[in-house]
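In the two assemblies presented below, subunit A is common to both, partnered first by subunit B and then by subunit C.
What follows is the complex of A and B.
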């Protein structure tokens, strides 16, 4: 409020001549060229940053929809999305811990199930989650939580309407083959692929067990989802559950299991460095473009800057004005790029089934990088103004 | 500040050379001169004789090499390039090419010079308007340099030089200023 007031006063009757602002808007075509050049670099960075975020959001989509207070996994599991189950006997141990209201097993497989849809009749690897339809839902996603009761009939599945198109899950489909046997599609949910799985199938533990020729009670559990009684302290319950279980099992909270998968993606997979490299390329290209823009502008006005020095302005004022102008140019390029990026995210997100969305964090990071590249370019170019000799223009 | 006890400008044994080594080119040799306060002085001489060099030295645009300069009682000898900056604020310059800021209006160009002082914003705005009005540009206050004729631009440059200071006004020009502009300049300069 106060800031807006100060800003409007500054525009209506600036107490000092706003040299940087006047220089910026003096030439409409030059401003358009400068803005377009910087917008190009901003778009490069925003797309890279958005892809990185989309990659992580997609990679974490299954973990993020887990619904419970504590999660038990095999201690030697290095990421959520790889099979490494534990014996089902430990479920009873968990149920016996005080404060635990219920334990629901989640079974999962990433590498064994082939989905053959009537669309192309070719087997494609899919991710399969199996739940106990009688237990409370382990996934909070609409379409799974409210439809898991339908899975009580054997050989039925829920499928992902946002799976990659070639799986045929997005079309009208009632039957398909999973692991060679025919399954009936009883419902859909909208999750989307990650970078390992093209699509997701949710089925019951009984149906899942049939493919492994194992009695359902003997199925190894991928993750146990623990619900605590209302009012229980999560940290204290976590310690009690961990103490009751053998050290071969790990007990995590929701934020810990999300961080566990995120750490894998960030540190062990090469995705993060690739996108950051892309962002840096955008930053460097942007710095070079900004430098060219600012340098040309300064050289055109060099005698004018030298004259200001001649009438008694110090380098400090001139550097300040050049930096202010660079920041304003950055903002002038940033705003259209940001808007254009919303369109790019929408189009690319729909085509690539990647969850691309503009967030406050993305906005702040990219704005910081944009202003940083303009400042850096201005600091490189401002040497010309410092070196300008007023005696030359007298 | 300007007493009648010392001259507005005084030089003693002033020498200046451009370049280094064999290409060194001396242009001023042992110049001593005095300009009393309130005097309009005209410097004449063939081109290349060092008129501009002398003026840039007097105006604090160049660092002194040899000799002494006193301007309004300030000793310029031994001042570094950055120490010369505040000295220039007491001196009004009219640059050969005018060098008005092309993105600023006439009145803003004059205000740029005024803002080096510490007067209230409203007063500075008024002073800039007054000075331009006095020079016959009262109707072109908001014009950009590009929209002004050569003579009008020169008058804005004169206004910029006169607005800040009544102390010293130094001028050099390849082209002669128009008669009207010369008249405009002479009064405040010689009123000290």
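What follows is the complex of A and C.
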């Protein structure tokens, strides 16, 4: 008797018969349809999430490319992308701090420089960064870092090949007009536009100073990029630099300056709630689709489930099996959607000039949402199985 | 077979009813829907969400480009004079004021008012961040803004270094209390009051100033104008005046009437930025989702009632009348879901308006467009689901 019971327990152990898996693959066409339905909802969520991230990343594109250990900005700056420079004399103070290997100034302007587009021959506002070509690169972006030496010749610029098309920076171009004066295009980099700027021009401090009619040494600095000696403790050096500077200046690490800009964008950008709403809609649509799929599937297999109940399987086992199958269906929809999304990101990103990229974070969030919607749908639908009465089904 | 076994009621099988096919179909569709209230409710919820999604995406698609028209919509003018380099409201470039003086002399022009724009840097006298504020300088006597708050307070603007601030200016600017003193471009100014208009796409904060205060603060000169607002004399023919202005004024300016301006600003935001693509794709997706949900719902309903439909076929109903039943069923579901979806959309629009400051308006256009889309979707999905119906073979079902 005991032996029989043990045997039946052993027989009924879930691991013996992968019921959820067998149900899933029993009908290939049904699996395909179910997968396609869920994949659609997943793609909807991924695209919305991708847009949200893309807008965010675009607004951080320049800051993320800054290359250094510490960054000094005016303490009254509320975002990176607005002119609020400080006196160049403070650069010497930074250089004198122990542990500092070098300080490179970054000059910038967002609202004054117009670029005459070869496309429509009209002036358009562009973002301008100016660097010291002899100093170590302040941007790690390929195209700037390796080509800034070319800017040693006056009136030369590097331009953004991912700028909006109407600026004509993506075409073959060797000469252009910046602020009405002719400049020579000596190279390109791929940065891309953001909410404010349609395109970016990088030039030398000397060329930049000409437009302000000041000697380069007197140019106010937008950001000072500090490099520390190898092995220096960043936090300690940050405290030393801050102590040496007046309180009107702020010293940030790389992650702090990125967070500074991100906080501004998160607080004041109106794009994020739009895309979260879109994601939510994708989730709801996905839940409905999954419910439809799971419900139909359960109804079709109701006699089988009733039979299982009839021969002694408990509700727990059946619910577990339904939930497992829902999760498997979710994964079956998720994988093709994830792959397809890479293509969609590439195409839409190139058209909209948005940095749409699949990240681990996006993958985890969307996978979580997918499994969540399938589980929710399964929990709603499984009541039918629990209610299944073996005596009534046949 | 007694009629009640099939469950569609007497009307359906009344031979006289065959002559009134639409009424019968409608009755039948209704009976199917109320027969299983739970399932029908579920279908309704699905369709409701699909329609709501279309409303929201359409709202964004229309509203986001219109963020650029918000300030224009509250300005008094019939024709707008701008530089030929004009891009959009916040980047209008400049043209010589003399063009406006010339324009005022043209017959039919009642008034030609200059508007000046500048970017300023706003800081509390006690320190803190320097925030970008969009400054508008104008002559209050010309009353260019059709905003009640501005009209009421415009005599305050005449006082030295006095500003009016848009109350949609973001909260990081601090309290916009009357009498608060702030520094703009390092000049101390006083908040004389707030007005309710919205910052549109001008920036995160907007302040109005009298011309004289504006020139003193920005060190701009009066002879370079950003916008020229032209109002016509009563009875003047707009097109005739516009044609004469175009001919008389130099080739460094261009003229827009309101319709042309709306088209220009919308095109700028839709085509030049990624706004059009993002919300356009969202709209297309929402239509596909709506179609899918509707089709799923209807196809499931038909599959479940296949035996009944087959029976009806066996007793002489044609495919056409069964198709009518399905189409009417789709229509009933869709309209029943449409009304609460429209109400919910109004609430969501209001929420988004307050969250994003976008001019998301629930107008007749949205209502009509969504209704049209929804009717097309319901007919489309009914047609799609008919293939299942055509397969209904009385001999095979039982």
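Keep this in mind: the second predicted complex is superposed on the first by the 375 of 394 C-alpha atoms of A that agree within 3 Å, B and C clash if a C-alpha of one lies under 4 Å from a C-alpha of the other, contacts with A are read in each partner's own complex, and residues count from 1 in each chain.
Methods note: contacts are C-beta pairs under 8 Å (C-beta built on N, C-alpha and C of every residue); 3 or more make two chains touch, one makes a residue touch a chain.
Model, not experiment: these values are computed from the prediction.
> Just subunit B (first), just subunit C (second), both, or neither: which does A:19 touch?
Only subunit B is touched by A:19; subunit C is not.
> Which partner does A:308 reach: the first (subunit B), the second (subunit C), both, or neither?
The answer is first: A:308 touches subunit B but not subunit C.
> If you stack the two complexes on chain A, which partner ends up touching A:122: first (subunit B), second (subunit C), both, or neither?
second
> Should A:76 be classified as contacting the first partner (subunit B), the second (subunit C), both, or neither?
second
> Looking at the overlay, does A:29 come into contact with subunit B only (first), subunit C only (second), both, or neither?
neither
> Does the superposition put A:268 against subunit B (first), subunit C (second), both, or neither?
A:268: touches subunit C, not subunit B.
> Once the two complexes are aligned on chain A, which partner has more residues of subunit A within touching range, subunit B or subunit C?
Counted on subunit A, the partner with more touching residues turns out to be C.
> Would you mind listing the overlap between the subunit B footprint and the subunit C footprint on subunit A?
none
> In their shared complex, at which residues does subunit C touch subunit A?
Listed in rising order, the residues of subunit C that touch subunit A are 45-46, 49-50, 53, 56, 60, 84-85, 87, 91, 93, 119, 121, 123, 127-132, 170, 172, 204, 272, 274, 277-278, 281-282, 285-286, 289, 292-293, 296, 300, 348, 352, 355-358.
> Which residues of subunit A touch subunit B in the complex?
Within the complex, subunit A contacts subunit B at residues 15-17, 19, 22-23, 25-27, 301, 303-304, 306-315, 390-391, 393-394.
> Name, in rising order, each residue of subunit B that touches subunit A in their complex.
For subunit B paired with subunit A, touching residues are 52, 55-56, 59, 61-62, 82, 85-89, 92-93, 95-97, 99-104, 108, 111-113, 115-116, 121, 144, 160-161, 164, 172.
> Which residues of subunit A touch subunit C once you look at their complex with the stated criterion?
Residue positions touching the partner: 37, 40, 44, 47-48, 51, 74, 76-78, 82, 84, 111, 122-125, 164, 166, 198, 267-268, 270, 273-274, 277-278, 281, 284-285, 288-289, 292, 296, 348, 351-354.
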